[in-house]
Amino acid sequence: MEKQYCQLHEGPIAGAVEGSEDIFEDRLHEECGVFGVAGRSGCAAARMSYMGLYALQHRGQESAGITVSDGHKMICHKNMGMVRHVFDETIIDGLIGTSAIGHVRYSTTGTSSVVNAQPIVARCLKGMLAVAHNGNLINTAALCDELAQGGSVFQTTSDTEVILNLIARYSTESIESAIRKTVSKLKGSFSLVVLHGNTVYAVRDGGGNRPLSLGIVPEGYVVASESSAISSIGGEVLRDIDPGEMVILSPDGIRSQRVLPPTKRALCAMEFVYFSRADSVIEGRLVHETRKEMGRQLARVSEIDADLVVPVPESGFSTAIGYAEQSGLPLDTALVVNRYVGRTFIRPLQAERNMGVNLKLHPISQILRGKRIVIIDDSIVRGTTSKLLVKMLHEAGAKEVHMFISSPPLKYPCFYGIDISASRELIAATCSVDEMRRSIGADSLHFQTIEGLQQSIGLPDGLCLACFNGEYPFGIPRGCDCGSKHILEEEQACL
Amino acid sequence: MEKQYCQLHEGPIAGAVEGSEDIFEDRLHEECGVFGVAGRSGCAAARMSYMGLYALQHRGQESAGITVSDGHKMICHKNMGMVRHVFDETIIDGLIGTSAIGHVRYSTTGTSSVVNAQPIVARCLKGMLAVAHNGNLINTAALCDELAQGGSVFQTTSDTEVILNLIARYSTESIESAIRKTVSKLKGSFSLVVLHGNTVYAVRDGGGNRPLSLGIVPEGYVVASESSAISSIGGEVLRDIDPGEMVILSPDGIRSQRVLPPTKRALCAMEFVYFSRADSVIEGRLVHETRKEMGRQLARVSEIDADLVVPVPESGFSTAIGYAEQSGLPLDTALVVNRYVGRTFIRPLQAERNMGVNLKLHPISQILRGKRIVIIDDSIVRGTTSKLLVKMLHEAGAKEVHMFISSPPLKYPCFYGIDISASRELIAATCSVDEMRRSIGADSLHFQTIEGLQQSIGLPDGLCLACFNGEYPFGIPRGCDCGSKHILEEEQACL
Amino acid sequence: MEKQYCQLHEGPIAGAVEGSEDIFEDRLHEECGVFGVAGRSGCAAARMSYMGLYALQHRGQESAGITVSDGHKMICHKNMGMVRHVFDETIIDGLIGTSAIGHVRYSTTGTSSVVNAQPIVARCLKGMLAVAHNGNLINTAALCDELAQGGSVFQTTSDTEVILNLIARYSTESIESAIRKTVSKLKGSFSLVVLHGNTVYAVRDGGGNRPLSLGIVPEGYVVASESSAISSIGGEVLRDIDPGEMVILSPDGIRSQRVLPPTKRALCAMEFVYFSRADSVIEGRLVHETRKEMGRQLARVSEIDADLVVPVPESGFSTAIGYAEQSGLPLDTALVVNRYVGRTFIRPLQAERNMGVNLKLHPISQILRGKRIVIIDDSIVRGTTSKLLVKMLHEAGAKEVHMFISSPPLKYPCFYGIDISASRELIAATCSVDEMRRSIGADSLHFQTIEGLQQSIGLPDGLCLACFNGEYPFGIPRGCDCGSKHILEEEQACL
Amino acid sequence: MEKQYCQLHEGPIAGAVEGSEDIFEDRLHEECGVFGVAGRSGCAAARMSYMGLYALQHRGQESAGITVSDGHKMICHKNMGMVRHVFDETIIDGLIGTSAIGHVRYSTTGTSSVVNAQPIVARCLKGMLAVAHNGNLINTAALCDELAQGGSVFQTTSDTEVILNLIARYSTESIESAIRKTVSKLKGSFSLVVLHGNTVYAVRDGGGNRPLSLGIVPEGYVVASESSAISSIGGEVLRDIDPGEMVILSPDGIRSQRVLPPTKRALCAMEFVYFSRADSVIEGRLVHETRKEMGRQLARVSEIDADLVVPVPESGFSTAIGYAEQSGLPLDTALVVNRYVGRTFIRPLQAERNMGVNLKLHPISQILRGKRIVIIDDSIVRGTTSKLLVKMLHEAGAKEVHMFISSPPLKYPCFYGIDISASRELIAATCSVDEMRRSIGADSLHFQTIEGLQQSIGLPDGLCLACFNGEYPFGIPRGCDCGSKHILEEEQACL
């Protein structure tokens, strides 16, 4: 199969996609969030999914979609943009059905297109089928080749269409067995939801790389990438779906079966550090509490004398509370964030850089002046943000700026669903901590150790730490031609 | 395979789709127009396709799309709306490639969706493939079943996706042979264009139901549903593609092969009566001239004494000139059309009917008063328009209104690409000419005879006249579950 | 008062403004159309105005607006774009009131802005007041100066705001007397409608330069720029409003008074030639009939031997029928217009000129080949369109092309409401007829004489012929600083 | 002058206005923010204003506008929506000039319209003039009457147009003297910026009700509603503009003059409690520090025994830090806010209330369970939010919920620029503290005392406390007919 791809243009998007400004674009991006509900008669599945996607919006702002089923007919609505742009009252009212799956996808500028929006819906031998997916496969190319040999065609560039085609190919008996057979062929990271009839199938890969939580609502059963999405919509969280488990949600009950053999657990550590919401519970750990513990851990090993702990809004807050608590230092919100400055902000000209930089994040010099500051952030990607931040604090009068990072240095790309690009973009891949400190301009720079992170989370053996230590529990892709761009680049980076 | 379908919602359409008002919606709709170009290095294939689609816009106003290829990579842009809404300078500039195919689809309110917009593009064993189609298959359901058994999935409800899947399934050797094999399986009406690499394949069904014209431009070779689209963009028309012929357009030349066995010719007569543009040439006949001949023919057999010939804007003009010429009666434009009144016009309330009716079409009573009028229209579908028209002319002072119709009575649905709904919507299916005359309120009503139509067109043996005589040269569908709604209704109507 | 102006930007316009392509932009533009209704209880004034503006849309496509009043409260909705873009069901439903005025404004690309959209509405001493205006004043600058001395401010650059301020300034007694006093100060051309309470005041300048027609509907009384707008919405045309007359429309009746002294009549001749709709009646003359007479007149004095009369779509049609009738030559529609090619059409690159030119207007060579053609158009502005047209006809095989123009040569700018720019843009201002013929490439070129035009219209003494003979019945502006751009340019041209 | 008003409809707004959901709409709204810059040659005044308005966006999200001047010509762009929706790169690039004023207006659903967007620009005797205004007048009706007697007309319902008309009326000598004369006629609260030529005039009412800060940038001088807007764009804050002072900013320097006699200072206390950004400095007080002091003050007089201090995101944060510091209690972020849930969120059906309520604000029960909670908020308007909040905390397992409010009870409407509606909507206007506590369901409820607030801010004599004590330093309106709707309601409430 030749290495070709098709880029599908689409018309202008009604509401502009929004996010954070590029001087603060120096952040990690999660790929997706999934939601599913199997409801009894009367269940407004689309409305519930809509609320569930709002609660998962932090996991992806690029596109959003919901597919509903009344058991016979499916209706799907998806588009580029955030949940608030993609759906309105009329659209939700038109999505009639008692079961549904939904999806949000992360926001980037490059290769995004509405054809890659999920869920992906198609008619197959067993009728209508819809699939949504969080994670990333590493053997997509091989699977595509095999399917294409059998006559399959691919209208998108997403893993999800490949998964849907596999299910269709194996569906001679039942969808249930087809999903079992399909997931046994998948290599990589996945938390999948599949809608067929009024049944929702939810599966997690054997290492449990991406979270997936099961819950109950008065109208039926729900599944979501994070437990907080279930509790936020008033549901009760039952438990995590186990690695390698398939849970079958029907209006009247749930069934479970192991569909993949037990492997070493490999839950993404960055879900705790950064991605998941503070009020989510994963593997029994409250994310907010693990973040506070990361802060305490940093404080425990710190030998820095300081006057004030300042969190970087928004992500550093939980960690900063932990650091302040452990160190006994006062905490103050000396950095004010302007939430209105987002992706559509017109970039300042060179001559206006001094105007633009302070607009998104502004230091309160009255608090900082003459002080020795402990600043807490979650991670360092390229280091450009940290450099601006330290400069800003010094200019605002801080005597010393000591930077503490909740996570260990990010040295390796992620192949399992996080947008960490090629190693060469990661400052920690090529610089020592002291080189980074000098580049950033901080008086001192402190990373969490891998052990400190494991202890803070409390799962010493069950974490995927590939981006810190290069040990990839699910392997890395090779010869892929239908993955997204950064995967292809990574391959080259790996040669 | 269960009888399910998926309705894909899409976000609001930028520019509202426009067309004629519903009191004048009593018209036939063509399904589609196709365009293709295989150009040499430097050929701006997207720009040329854009212009070609403008020239074919009358064949479909629902959606428009262009897929370009530079031989390696394909880019597709399509959306709901007319060509002017779907494309702008930036979009066209982004469609980089030297070969392309394009498509326009007809405008309706019901089941339309952007997922059914064409061309449909997918990656298969032989790389990227794009297909666009004018016509309608009658064995889609059987083909779907067969493909689904082999694992295929269908993301749209269009025939075109089925054709694309068949090509992919048969493409183990070459695309050329796969298309040959595919078209041999298709039953019904089709004029197809397929883009693969920088080659365009153009095929017409064995009866030649829909027109397809071949031409040359300085930059390469072109194919279009109508010859006028080729001459309008400055190209030279070479000839019609023959029924059952496949022409392979590459940047450097064209090759031809017969891919379907000879059958009886069955060119749609309504292409001459109504659909095709007056300046198109089909089978060597200038459409405008055949229409004038239809008018002359009506006049020849007419025994009506009248004062004035009045064309119904816009379609009746050519015929009216012919009638006036033959009869020696003067012609005058006593009906003024308001082109601004389109689909987005707010419907008048019951109390305002008298305001609304005259707004779209307005009689000049100063011309009509006391006169015996010959009014010329192309066809009668439900008869509602004709009734309003006759009433309007009488109220404007016409002494007598004699209505002449270019075509014979429309009595049977079309299964080959024209939106003639179930027979029960066709007034001629249930009423005699005199009943129709009374319903319409005309002083006399005259239809073309089938023989008169055949002679006017000059193709006595090669026309599809199914909508007039119920003789379906390509058969009718059965057990279809992936066709469009009216086909399903037709099936029921046929049982 | 300093020569300053303010350009008010506004957000993007929902529906793109549409019109004809620029290679066929070589046309005259009317400035405006006005509509008014004073209805009894229950009259849906907004809906009626909406329909009236649809019937006047040909007089202006730049912006549209309606102001309604229920006698106490006014609501105004206006925006850039055509009636179909500016209004929808929800907006019309929100415009609650029994009396209304409406306005359409012509479409151009330059200085247009929503702040100049009409009606202009303001609160003054006597309550809410709305004004809409067709025509152009020549003493705006002097009036502005005088008003500004008294403290008035101007938020727009339109004559209408000046008129509204004058009425407010003079309204110590009554609106009626204020309008009387106001119009006595205005120099130039105007057909005005003013809404106050539930009364509509309609006034026409002393020469009656722009048409204004009075009518009756079941719900009350209406006024419109053209009689066809009244009959199109089912109303009965009563009569023209007289030059210098003010008609006061109230829900229960109409009153009339002469508000300006009798002057020489100066009705714009181009209203007959081009602007007004064929079914309008002005001064008792049916516009369509005057156009046919212009054609007959051209034929009467013609010494050209030809084979075929071909109208230029759309405007030349009536004239062509007259010419054909008088000359005995056959008429055929050998030029096909593509109505989809409008303002949003992407301009062809230089290399594609041959593609683009034929797309908007396409000759049927089968009809033209070897023939001597009489082509009929209404006017020549820059001559660029005529040149392309003649070239196209020759290339399509016409043996001879003889061009006949309904009107005399356009040599002088218009200051009274038509967008005829500076003289230097008018080919007839600097070239003799023979020079024009050579520039255009026609075998012969024939203009109507001024006398021929006067006889065709049948108003030998009552026409404004300034654009043909430079005799300006209302004078020309001087020292103006709040007029539109072309007026300022004209002033410089006049110095 | 009759009591009429005109509601000007405008087309749909490109980007939907966003804000907080209505269950959390139980908040106060500021009316406006103003910005001005007088720059030297080369100053990109529009870009600077754009950034300044971003920094003031929290003061108004309904509409935004910028007017620039190059000394000769003014260009204004304004529209409904937030700064990011109203402006883009192309628009900003089109706003050419070295001086500018800008405005943001608060977001509500009712009577808003683009005609009321500011700045308001008009041509007067002295040329172009632009005005933007923060505050509210109480004698608008009387001023309107007087102006209308002299012939003025009003196209909007905003105070700003009245102010502009007054300046125009008094501008026979100079704009400077006209502004002096104008402000002497204004009763109420105002911080005004006026643009004329390349000069910006900034004036504050005699009591200094709304803040207005003066600063310097490399390119010239700036003025803004808050000092943080100046420092956020990299400028240096010079000082507050004094009550009754006019500062004249020209490209080369600033001049000051007292234009109003000294009166009692009456700075809005709610600017410290809620409206102004934490990093703004007003009268030398850092807003963040005054908020922490309000928290300390609440803790000082508190006799409550508790386990944890929980801030209400976002406004209660500074106060919560102060309370925690003074009380020695730990602080934790046990309430997670979902920032994606904004104004466009589809309201949950009754049956889904349990889903919707927790979506915007979600408690972390793992932190709250069994704890005695101190919850800190800034104010109570209707009390509906507080009730939901307390219920949510109890359901999450909190043993006791003690609510502390930074400000005294809100008992009286504001006439000076804050959207506090009629007294009957304020729970504190009709209920005792204990009644409120019971209504809200809290275990205890504690308001700041007026004295506590005065001490926290540190301006015991200079604050407007009207909303707490009903003492209106600028009086209240009477007989007003051009104010906004809520003022009229207030009048009725006052009768």
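Should a chain be cited, it is by its letter among A, B, C and D, assigned in written order, with residues numbered from 1 in that chain.
Criterion: contacts are C-beta pairs under 8 Å (C-beta built on N, C-alpha and C of every residue); 3 or more make two chains touch, one makes a residue touch a chain.
Values in this document were obtained by computation on a predicted structure and should not be read as measured data.
Participant: Using the contact definition stated above, find the chains touching both subunit A and subunit B.
Facilitator: none
Participant: Could you give the separation in Å between the centres of subunit B and subunit C, each centre being the mean of its C-alpha atoms?
Facilitator: Those two chain centres are 37 Å apart.
Participant: Averaging only over C-alpha atoms, locate the centres of subunit A and subunit C and give their separation in whole Å.
Facilitator: 60
Participant: Is the chain-to-chain touch network here best called a line, a ring, a star, complete, or other?
Facilitator: Drawn as a graph, the chains make one closed cycle, so a ring.
Participant: Got a list of which chains touch which?
Facilitator: A-B, A-D, B-C, C-D
Participant: In their shared complex, at which residues does subunit C touch subunit D?
Facilitator: 1-2, 4-14, 67, 72-79, 81, 86, 91, 94-95, 120-130, 144, 147-155, 164-165, 168-171, 482
Participant: Residues of subunit C touching subunit B in their complex?
Facilitator: Answer in residue numbers: 15-16, 18, 44, 47-48, 50-51, 54-55, 57-58, 82-84, 87-89, 92, 217, 228, 231-235, 277-279, 281, 286, 288-289, 317-318, 321, 325, 330-333, 336, 338-342, 344-346, 348-349, 352, 354-359, 362-364, 366-367.
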